[in-house]
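What follows is subunit A paired twice: with subunit B in the first complex and subunit C in the second.
And then the complex of A and B:
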């Protein structure tokens, strides 16, 4: 059996931390940087670098609010990001279902 | 990627999505409603119930139950409005983190009221004990919710300790059921109301 049957898996999303970011954002219209950091238990630097990669790939959009309160960064999954995430999930489900089909029931 | 990794990835993704849903439940309306219930109940207490330990204890247990039911219904409504399931594994974790200390706070009432029939003893003992237990409960739940909840829990623990220290002070005013109502009104009612208003204010600011 080919150990890598889906070489086209989105490498940007596939990385563990970035997959976690995209998964969390897919369940919310938006999350603040602080919420995302606390939710995923990541450091500021780590989260910033992964968000930058996702932003450069056009999967995540970041906006900064400049009200009277502390400036806040809000993270949103873009349409492109949502599409890539759905596609990624499709690939994973395909791998699981392919295994079920090829493995006889006990 | 093998099927086991794929299945694990899918499970991780599902958990993260559920956690993110719990994380973004709007706490402002929940806190404000619970705060209003506590404040109104505290102000109305002297008019509604007799001045004795048993009435005090069971009245505030009923208020706590009303607050918990309101919070539950508001969160459930938010989940349904967002088209999401309510009773998810993260929601169950929040509930199981809240339960032990809340259970202890409820269970301790019977023996305390039976042993100390005098109102003043209850006035000294129950509010600080409830505040500390409630604070521990909220703090535990805060590990699965926004970080502010843990600080909020600490606030109750500190308020409980201050209230115990103040009750133990020999120079303070004679402890009474009315004073105990006042402590409950300010802490449970006022505390939730203040946090709810703060959340409402900060949510508005961040959406500007």
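And then the complex of A and C:
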């Protein structure tokens, strides 16, 4: 087997919950915190902590709307985040195509 | 987006190093500890601890050869491990096919 794709998997994106967040943001121009929470069925605390990690890695940007009755946090994938996710999907694709050959479908 | 595949990703297999181990074992009838270590470039300690987690989950079985000058540990994917890996690959495939549509190739 070719072991190359495994160490290349971005550790920040690879975590299950963050992979779901990044995937959701890749498919939309932006999502509110509430959209993401409802879509992924995460708790506020869990989503907040994963968004913080993604923001610190420069993959996601957060902005707070002000002046409204209920201020909202809007989340977008940064250009860097979009590039990293595209690269990550490429590695996943290599894994799937490499092992689908040897492992029959269920 | 369809959030279904994310929570379904098996947490034991999803960790990068364990994904590499399970993938390698899926492609061979068995591998020795030394084969795996050399193939994946892992340290003895790191490989031992991940193999223990895989063994405790019933995904990998280990056997020690005795009576030789240098006893060897042989690692195989169990039937349960093969099924779990096949299922895991199915979820990855769903993620890749879902997001390759919205994220252009690099």
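Going forward, the second predicted complex is superposed on the first by the 94 of 106 C-alpha atoms of A that agree within 3 Å, B and C clash if a C-alpha of one lies under 4 Å from a C-alpha of the other, contacts with A are read in each partner's own complex, and residues count from 1 in each chain.
By our rule, contacts are C-beta pairs under 8 Å (C-beta built on N, C-alpha and C of every residue); 3 or more make two chains touch, one makes a residue touch a chain.
As the structure is a prediction and not an experimental result, all values here were calculated from the model.
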| item | value |
| --- | --- |
| First, second, both or neither for A:86, with subunit B first and subunit C second | second |
| Touching partner for A:41 - first (subunit B), second (subunit C), both, neither | second |
| Touched partner set for A:32, first subunit B, second subunit C, both or neither | first |
| Which superposed partner A:65 touches (first subunit B, second subunit C, both, neither) | first |
| Which superposed partner A:11 touches (first subunit B, second subunit C, both, neither) | second |
| Contacts of A:24 with subunit B and subunit C, given as first, second, both or neither | both |
| Residues of subunit A contacting subunit B in one complex and subunit C in the other | 3, 6, 9, 19-20, 23-24, 26-28, 39-40, 89, 92-93, 95-96, 98-100 |
| Subunit A residues touching subunit B - in the complex, by the definition given at the top | 3-6, 9, 19-20, 23-28, 31-32, 34-35, 38-40, 65, 67-69, 72, 74, 89, 92-93, 95-96, 98-100 |
| Residue ranges of subunit B in contact with subunit A within the complex | 1-3, 6-7, 9-10, 12-13, 16-21, 23-24, 84, 146-147, 202, 205-208 |
| Subunit C residues within the subunit A interface of the complex | 1, 3, 6-7, 9, 11, 14, 16-17, 19-20, 23-24, 26-28, 39-41, 82-83, 85-87, 89-90, 92-93, 95-96, 98-100, 102-106 |
